[in-house]
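For reference, the structures are reproduced in the following blocks.
Heads up, the next two complexes both have subunit A, just with different partners, subunit B and then subunit C.
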Partner chain A sequence: MSLLSGDLPRSRILSLLLLAVLVGLAFAPFLFGGAQPINTAAKVCVFILLVASYDLLIGYSGIVSFAHTMFFGIGGYGVGLALYYGTATWPVALGGLAAALVTGVLLAFAIGLFSLRVRALFYAMITLAVASAFAVLASQLSAFTGGEDGRSFRVPDALRPGTKFLDAPLFGVDVNGRLLAYYIVFLTVLALFLLLLRIVNSPFGRVLQAIRENEFRAEALGYRVVRYRVAANCIAAALAVVAGGLNALWLRYTGPDTTLSFTIMMDILLMVVIGGMGTLYGSVLGATLFVVAQNYLQKLMGSAAQALEATPLLARLVDPDRWLLWLGVLFVLSVYFFPTGIVGRLRSGRQAR
Partner chain B sequence: MAAGAVPVLETRGLTIRFGGHAAVDDVSCAFHRGSLTAIVGPNGAGKTTYFNLVSGQLRPTAGRVLLDGEDVTALGPALRARRGMGRAFQLTNLFPNLSVRENVRLAVQARAGGGADILSRWDSRRAWIATADRILEEVALAPVAGSPAATLPHGDQRKLEVAVMMALEPHVFMFDEPTAGMSAEEVPVVLDLIRRLKASGDKTILLVEHKMDVVRSLADRIVVLHQGRLVADGPPAEVIASPVVQEAYLGVPVGAT
Partner chain C sequence: MTDATASPPTIPRRRLDAWPLVLVPALALVALPLVGSPTSWVTLTVAGLAMGMMIFVVASGLTLIFGLMDVLNFGHGAFIAVGAYVALSALGPLAPWLASGDPVQTVLALLTAAAVAMVVTGALGLVFERVIVRPVYGNHLKQILITMGGLIVAEQLIRVIWGADQKPMPLPAGLRGGIMLGDVAVEKFRLLAVGVGLAVFAAMTLVLNRTKLGLLIRAGVENGEMVEALGYRIRRLFVGVFVAGSALAGLGGTLWALYRETLTADIGGEVMVLVFIVIIIGGLGSVGGCFIGAILVALTANYVGYLAPKLALVSNIALMVAVLMWRPNGLWPVSKR
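Take a look at the complex of A and B:
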């Protein structure tokens, strides 16, 4: 228990939901057969880390940044390009990740130092500008980065589908490189999520919350606000870099659409709001719901449209092509009914700390 | 206090202008260890602005602030707080959604320099929580320690403001109208606390206060500000009787004396 943070879900339904997600992700390869579910599960893991690290910024420190996907992208390109240009070995992959971490943290440090003194809105604008510039740069340097097409690359042998660790399937699942890759993603995310939970419940994390509450007062107590903000910015960036690296390793591909696009930034924002800001647990639920909806809503609507063939008007309304519209409607509704997010809703009625 | 000793706090020619208007105008004043100085003056005289300059929330247009003989004019409020300047604000300034205990605990933590600790659990530092609780006991806020600060009645918020400053264990205490808006039962709690601080003999206390009876009973010295200028400075009886104070409080412009 001393390893954990002691910050419990504080709601029975929330605990059950979190447990369901944990069990679902831990046994995903065995519970759900086929390629799509396991891809979805890996994406959920990656986004949990990405959204939780974003929550450290927006929810705990009150910093609004639009550059989180840039760090995600730095991680993806770091690992991806290293493996593309180097040999497909672990040292190369880890070297790429290390280079990405250094780049990401230095960039976060610089942006933070130069602009976290200014007003929140201005900071948001600066991160937007830097992130856009970075995305343009990544696609312009196409000789190096593969431009809009991105780069597909070979991963280390141990992660390839052809690598079998056991001769016979285990519980009907091939124990191969993909399975190992999935568990590397899952366990890294789990460990880093627990680390984040620990950070927000540390004396340092408490100062971040104090700064969010009343920056002027925190400064008067002797906390140097800019330093804390910059530190939070660097931690969040480092975790986003790792998420990007894991994502690339899983997809065996890196490109602007899977890492740098502004759509992903919007998705992250939605996930953190839907789950509940400033709770970390919210990012687990937000990311899970969002990614699952994104992947399965279209399918669900396809079968609904078929079932409703008799009534053309309704069938057209749930046409799979309109899935994005319905996703939008779902999110407007959830934000409307759960303004403090799912976690806030589940915890409401309890005493504030 | 020994004559000629280095003052704990000193301002030299301290001035700040907002536009053309000098809110604090060339104020030079020294404060010694063990003293309690009341700073009085009509509304808008520049008392709070003077405090803001001393504790670093505002940067002066001209002049210097010296703490223990060192020039701290270039330092921000955080660094001045770390060097032992404590401030209880006139307009209550708390962490509204955090509990009363957490408001104080954060100050204890700041005093212990514990904010950089990123990997231990905040609640594993039991001593900080215990210290916070002891201070809350002193200002009679222990029963509401678990409530969010924003839910406290005004008087309790003022007491919490003082408790937070106590938790920083400063050696310079700046009280800005600590009893304003408090009920008659609450005022003595705060005044007793100030009296005890004074009795300890090694603190330097600055007190902005409108109530003359409070000033008379606590202060060793009164400094009068009027339209940003220091217009009188001396022992309470003398200053209160002086024509310049009578004029200042009656709102009559101080002549070009």
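Take a look at the complex of A and C:
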């Protein structure tokens, strides 16, 4: 219980779902064979961390930031470029991550100190502008960052698929560098998620929620609102940087489309809202559901589009490239009807009984 | 104080805060020695003014909506894109007018297309206000989220209707080329854009300052409850301003598409970044600030784009930071919220 910082799921179905996600991710390489499911599982892990750190901002502190992908990107480019220009060793990768962490936190600090004094709307607009400028900068400095193509790089020896740790497969799975890489991603995310749970249930987290509910009153009680907000901003940025680093390490590639693009920011927003804002468990469910749906919904829409080929407009509506349309509709509907997301629904269902 | 019969001269006038006005010529003068040659400086300045006008047309609607309704519509970009696409479609049947190369017919055709675009985006604004925005008045977090959702859906619907690929939107033959003023070549289209922008600014200033409707809108910006208590239906004002703002976005989208000469569905999002910077610089809700802000942003972007092309977008952020350091709420903040 102390592992969960006293913040229990408080709903039987929710507990079961979370357990299923945990077991599924913990044993993903053994439960689902093949490369595709493991890639999906790694992506789920990375996004759980990313979305949970975003939830610290939007859900717990009431700060709407559109720059979260920027920090994700800083992490990705930090690790990626370090390994691209340096040797493929652990110190280089960790050095890149450290540099990215310093950059990200300083940037978050500067943006926060500068614009968190004013209202939420200002912050949303400023972060949107800064993030898009950063994305443009990253793709324009192509000599350094690889531009639109990004950079593929070599990871440390221990993480390469060719590295075998055991001669015989374990439960039918090769114990190789990829498996180690997956577990590094999984365990880091698990540890940081528990840390985040600790943070939001600490007195610090309470103050954040108080500020979200009534900034004026929190200030009157003697809390320095700006300090708390800037601190939350920096923590969220640092975690996003780590998520970006893990993502780059897993993909062995970093580029604007996988880290900085606005589509990813939209994805994060959707995951937070669908899962449930203001509860970290929501980000677990949101991220899992979204990433899995992203992979399988498109296939479903593809077959629907083929079935509807006779009616051109309808067929174009369900074209696999248009899946964002349906997610957008889902997003709007869930903001209206389920503002508390899946987790909020499950919990309130329990209270009603 | 509120006695309507009081003679006008006794009403205390707010002192005009002129410092922001100085910024524009100051910026242009600072750029002159940096750019070097006077001819390229004039070209850059005129181009910057034209771009500023286009951004102003787009941003003015947004800032007005924000000032009156306290709604920040992230979906404004969708209206820009829809306006551009509708204008493109409307120009199809008007092709013979454009092909004639006669300036009058060309401008007429463009005006028709822009009018169609404005009607469509205005109508869309009406629907958007009712379906998307109305349920979330007063809740900023939800507003941001839901208008963002509206933006995604609208952008995807554009791709469904007009196709996902890039579309050419060639500048009509009648507007190609430039006019020589001495040594300086000024593109005709830029002149048109400056004209449209000035007309919109003049019309907005007149309506806001010289009509009863404008009085009500300004009063609504200052204190909506009071206006309502005096018996005016502020809801209707809201809807009217929202529709007008959306129609302006449609006009701006038309201009922007002609300027870019290509159309993609994410054109709106791209302009929105500039628009946000502009209304933050100008002060949320202020039309005059928005005008100054748009010109400042466009001039900076043009000068920096000429001097150090890679820094163009970053320069806008720097400008925003500089302005906010000086005036944390923008040049001419209107709302005290």
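The working rule: the second predicted complex is superposed on the first by the 304 of 353 C-alpha atoms of A that agree within 3 Å, B and C clash if a C-alpha of one lies under 4 Å from a C-alpha of the other, contacts with A are read in each partner's own complex, and residues count from 1 in each chain.
One rule holds for everything that comes next: a contact is a pair of C-beta atoms (placed from the backbone, for glycine too) under 8 Å apart; a residue touches a chain by one contact, two chains touch by 3 or more.
All figures in this text were calculated on a predicted structure; none of them were measured in a lab.
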item: Partner chain(s) touched by A:143 [first = subunit B, second = subunit C, both, neither]; value: neither
item: Partner chain in contact with A:225 - subunit B first, subunit C second, else both or neither; value: first
item: First, second, both or neither for A:328, with subunit B first and subunit C second; value: second
item: Which of subunit B and subunit C A:114 touches, first, second, both or neither; value: second
item: Which partner, subunit B or subunit C, touches more subunit A residues; value: C
item: Partner chain(s) touched by A:204 [first = subunit B, second = subunit C, both, neither]; value: first
item: Subunit B versus subunit C as contact partner of A:125, first or second or both or neither; value: second
item: Which superposed partner A:35 touches (first subunit B, second subunit C, both, neither); value: neither
item: Complex contacts: residues of subunit A adjacent to subunit C; value: 58, 62, 64, 114-115, 117-122, 124-126, 128-130, 132-133, 136-137, 140-141, 262, 266, 269, 273, 313, 316-317, 319, 321-322, 324-325, 327-329, 331-332, 335-336, 339
item: Complex contact set, residues of subunit C against subunit A; value: 72, 74, 132, 135-136, 140-142, 144-146, 148-150, 152-153, 156-157, 159-160, 164, 269, 272-273, 276-277, 279-280, 284, 310, 313-314, 316-317, 320-321, 324, 328-329, 337
item: Subunit B - residues contacting subunit A, complex; value: 55, 57, 76-79, 81-82, 87, 89, 93-99, 102, 106-107, 109-111, 114-125, 146, 148, 164, 168
item: Contacting residues of subunit A [partner subunit B, same complex]; value: 2, 5-6, 198-199, 201-207, 209-210, 213-214, 216-225, 228, 351-353
